[in-house]
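So that we are looking at the same thing, I have put the structure below in structure tokens.
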């Protein structure tokens, strides 16, 4: 993403340690106006910490936080015009819904009338009108979630931080709220920084996703880009399922190179971007839905396709698809394929039977190694 | 599922109220030996309560709990050899891992040597050997989870209850643990009753799934059965996504009937099982992955297929698939389709363009109404 | 991505990174409560610290200095540094008193624990909505002057008092018991007066224990009693220790109970010290005794504080 | 969930706790100056009480001092425990938490004599206030103990951060969020302090200034010539009023729930 | 001193150790406010004074306190001729050993130390101090909780003069007292009367007034002065050093030793009044009561407490402390 105007938020090489262990190892990223950025990563990788540094609850050991070009690295949280939606909502139990939403406004010494008007509009935004006088304890999870959102939005901040806001909700409710959040964000044109460890959530909601791993950003980009050209095995594996194949580059000419996959399948590959520099042992990513498994009748691979032989190991029913697992002849590797009901119907062999995994060569993605994480 | 021998567990019409509000409205189900049964349902529908009644922490107001034919309805929890894995693990902070796992065994007055042997084997089972002397506070979420499991398994109970054991773990870890749990259950041949509100989890792990809704069981059966023939709109919608179409039965003969879908598409349908009795207004379920959207060029529907016309409303990138949303001409309905990358590539129109949703008639599922929930 | 209709002009609104002007006083308060700087948090504790040093430490120190002085005629004090008072404090004459004191106070604390634990347990797990009321009811008896309660106890325990008449009445006794002015009555008094200080800490540590632990224990086959023994009790230990200190330590200094409910053979350290300051007019020696007592107690407190720290962590 | 035996025990326990009080109650109708033998029934002591300016005065003084000192102790305790729990200083934390418990250790007689000679030495006139301050000091550990426990549980919830995130500085966050939420603990701590001040005799006697006569001082001084049932009468009135007040407050709190 | 101008007196005394309306009447007549502060134990009162409690003008102290108060310089002598009514005081109570030239004290009330007992439980009247050592009454005996009475009596029983300084004598006395401990119910100077009343104790070393006052409501109680003789003690009014209201204080003292007033006080608290002028106004019952005003035969067996040199006084106290601690 290019920034014609200065970015709304600009993190420069943030580092943070807690008691010796370094939790952030240099986080740099920029958030545009009205952008929906998701921080995605496994538990403990530093997402919350990053968020807390942006909000001002923690001080970075090194690095800077620029807000609309202004350096706010050392600014107290209450001077920053950023609001947060906390994972467990952190609603004030001693105020009712109205009081919670009005909290920030009252501090700004707004006129009561304006406050009322603003609170109601915010509650309206999250479809909670009429519950002004409920206590948090009288609300369901989803409702508390909405109140927290309304409270954060009431101040009309240009930037909203959300730390796994949907983590505590059940799947259905989560899906609903995902759509709502997205729409609200669009409506108000506010920038969201959204923390989650659910990659599906990240995919469906974000303009851009930053994939965290152990205090580093492994890759940042639009969902599609990340899904289709993961830079590292970690990303490939974390964003949706992926088969990670080990391969070896035998020889490379200017416009194509010969590789050996899993030690037995050889293939010529047109040198796409990135491939040229590669050499020696590399890793390849392959999406399950790009693989079809079928009975091995010795049929040859069409051009542009590859076959990996093996035996049918297991099939799992997923409802909207079938997961078919193939164990390669060499035996130490399994290849996962996810197939539609029809394709599965024409599988033509069953557990233990000889089968082969078909996929297009262009669906192979060359992976770099993720930086050593000390 | 038929029970040649008596079921391991037999719940008969359990009812339970908390302060006036009835939480369970007559739960009856049977669990076979070595079966993996999942209780699936939205938050607050009574899953945990059911589990607590089985374990003996709550007493049912009405109904019975038979364990291997013995009536244990009023038996104290510590007399039932059922063990539970709690959602938040509930590991004893004042014992180390070994002490936690050995807790139940020590009560059984086993010989220390046997205890040691048993504990180690249980820890081995959950791949935690070597951590015997850690304190719970020194463990990660996934590890605590495993300890809780080992503790529950150490007593080799015929029946294990698990209340959202993976709820607190992040997606990747959850997927791992799902497989492990399944394998352990297979290995030991213990019956599991597994509570979750994640339908994917339910699908992949269970022999049978019981779908809860507001204190009732809406449907119980094998995952595939539930997915492909949901009995009610609730089930259809809760298990994976589904388009719920309203239709009207115009006329029905002995072997086919004529229906009108969404007030404009008419179709003749072979009277399958269940359809015969239907009449008047009904609801139909249609899975998104069974629907393809394509540009509307006025092409006729092949036999066995149906077309619903409309305009392309929105497309969402899901990574492994594309979600395409079509707004029907009448306008008040949207039909969701999930398409592979290829199919999407050949969509041939973009947002706002005239399009039609294609699906096989046989993919339509007739839904009954779920019982009124007072 | 096109901003929606009521979107905010990008960048434009940055005129108001809201910095409501704050008065100097408010700035100071904010700083004080921020704990950002070490100074601030010390400053917050300062009032309490000051209070203690002003009303407790300085007076005590003044007094302890006395312990190095000598007694003069008619209880005057002669400023002639010496350690005699301390030597005297450790003469065998007082060993029985020390032993007796430790015995009584220990017994009292233990009995408080035994009596108090079930009550605390009840309060934290079964009292339900009445909990607060019960807690206050725990305090109220001590709003009547201790002496009045003592008189009541005299009436109850007396030779022809309630207890005896009841016991003889139901035929448990033939001759009434003489319990007044015996170790029994003294320990009873101590127990009665210090019970709340046992129960409150017990309660606060008990009600912190999640019910789930007990359920887990039931689930693994432990009966109610075993669950208590193996789970509840161990988890409430910090409260037990706290309660023990909070009852045992004040008992050590107590002298009124022994004076009114005690007999010729229930003379405790508290009485000994009191006697030095009043009847014997030997303040230096009294001060020395106090110093010794304080020293001993400081050790106890050290453990109390360690437990607390453990609880916080 | 009910437990018959435990409830039964609790009942017995409270009976034990209140046994002396019930005796006190009955003997407030005792027709004797020396209130140790039953000498027949009379209401006269309540009459006497009404006209005994001295005793009522003593009660009033005690109440005033107890309230003042419990307020003081709570305020000091609140600040200190807030610092200890929510803004723990890096240095001297262990020291503080034992230091603030010091008053528990000092025998009262020592406290009394020490305080008195100290006040005299620095020439502070003994009066109402000195007494209240001293009581506040004695009660400090109890208020801190009570409040600290509550703050610990509050700390884990991110409420203060939420407040600051919405533009409240630490002070506003404290006033608008922490304080109201810690109120129950503050109240019970204050209650403890009140109790301690209200029944304290030894320290009070020594540092009570001219004409400052608290209940305990008054009562103890009556020992030589007999503690009359008038005291019982007074204690009973006090007790009953508190009980009535307490229960009515409870009822009031209950009505909105149902 | 601004406070000095106010007409008031701060009077430090036992509670109810004065007639109900004495002070109110005084205030009414003179317009001087009297703040009546109370103590429960002279020792406490003394400790409080010596650690410098300010503001008290007038205290009531028992004779044995006087030397201490003087030594610690806590009391002032009466200005000569400041009091009109000193003439009325019974000569018996003038020029006492503890205040040879009547400089520091004006006697307030007097009494004796003897044996209080409960007729209900005691068949024959006790006549000798030895009755307090009678195993028959094991666990039914109470002794006063102070050095001068116990040690004093013990010496007296051992036939040693009060002023003896022989260690042997004190050892003997100490042994005597310790040997008594197993028989004792309690040492008490305040609640022993209650114990007498409710029968916890049958025999008690007692002060005349306490018992006699209590006897008013429990006729079972009686009091004797043992044949071995005993001590007279006197409570005195003393002027506290640094008093700001000297003039008013003197007026009060003078008022309190007016015959009428003194009698009124004596009648109320049932102690003997050292005031000759009070005789006419005393209750008949009180006047005729040999326990309050013993007949000469008894009287001659009674002695004042000698004024002991400091170290000797200390020996008494140490002896007593050892007894208590034993």
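Just so it is clear, A, B, C, D and E label the chains in written order, and each chain counts residues from 1 on its own.
Keep in mind that, in the parts below, a contact is a pair of C-beta atoms (placed from the backbone, for glycine too) under 8 Å apart; a residue touches a chain by one contact, two chains touch by 3 or more.
Given the structure is predicted, the values throughout are model-derived calculations rather than measurements.
Visitor: Could you tell me the least number of steps, going only between chains that touch, from chain D to chain E?
Guide: 1
Visitor: Where centres are the averaged C-alpha coordinates, which chain has the largest centre distance to chain B?
Guide: E
Visitor: From the centre of chain A, which other chain's Cα mean sits the farthest off?
Guide: Max centre-to-centre separation from chain A belongs to E.
Visitor: Across all chain pairs, which one has the most C-beta contacts?
Guide: C-D
Visitor: Can you check how far apart chain A and chain C are, centre to centre, with Cα atoms defining each centre and the answer in Å?
Guide: Comparing mean C-alpha positions, chain C is 54 Å from chain A.
Visitor: From the C-alpha centre of chain A to that of chain E, how far is it in Å?
Guide: 92
Visitor: CA centre of chain C versus CA centre of chain E: separation in Å?
Guide: 39
Visitor: Counting only residues that touch at least 2 other chains, which ones in chain A make the list?
Guide: Residues 76, 107-108 of chain A each touch two or more of the other chains.
Visitor: Please output the residue numbers of chain C that touch at least 2 other chains, ranges allowed.
Guide: Those would be 18, 20, 30, 34, 151, 154-155, 158, 277.
Visitor: Which parts of chain D, given as residue numbers and ranges, touch two or more other chains?
Guide: 36, 113, 117, 121, 167, 169, 172, 220, 223
Visitor: List the residues on chain D that touch chain A in their complex, please.
Guide: 157-159, 161-169, 172, 176-177, 180-181
Visitor: Okay, in this complex, where on chain D does chain C touch?
Guide: Interface residues on chain D, with respect to chain C: 1-3, 6-7, 9-10, 13-14, 16-21, 23-24, 27, 35-36, 75-77, 79-80, 82-92, 94, 96-111, 113-115, 117-118, 121, 133-134, 136-137, 140, 144-146, 149, 152-153, 167, 169-174, 184, 188, 191-192, 195, 198-199, 201-202, 215-216, 219-220, 223, 227, 231-232, 235, 238-239, 242-243, 246-247, 250, 254.
Visitor: Using the touch definition from the top, list the residues of chain E that touch chain D in their complex.
Guide: Interface residues on the chain E side: 10, 14-17, 35, 37-40, 44, 47-48, 51-56, 189-191, 193-194, 197-198, 210, 213-214, 217-218, 269.
Visitor: Using the touch rule from the top, collect the residues of chain D that touch chain E in their complex.
Guide: Counting only chain D, the residues touching chain E are 32-34, 36-37, 39, 113, 116-117, 120-121, 125-126, 205-206, 209-211, 213, 217-218, 220-226.
Visitor: If we count contacts the way the header does, which residues on chain A are in touch with chain D in the complex?
Guide: 55, 57, 76-78, 82-84, 86, 88, 90-94, 103-104, 107-108, 151-152, 155
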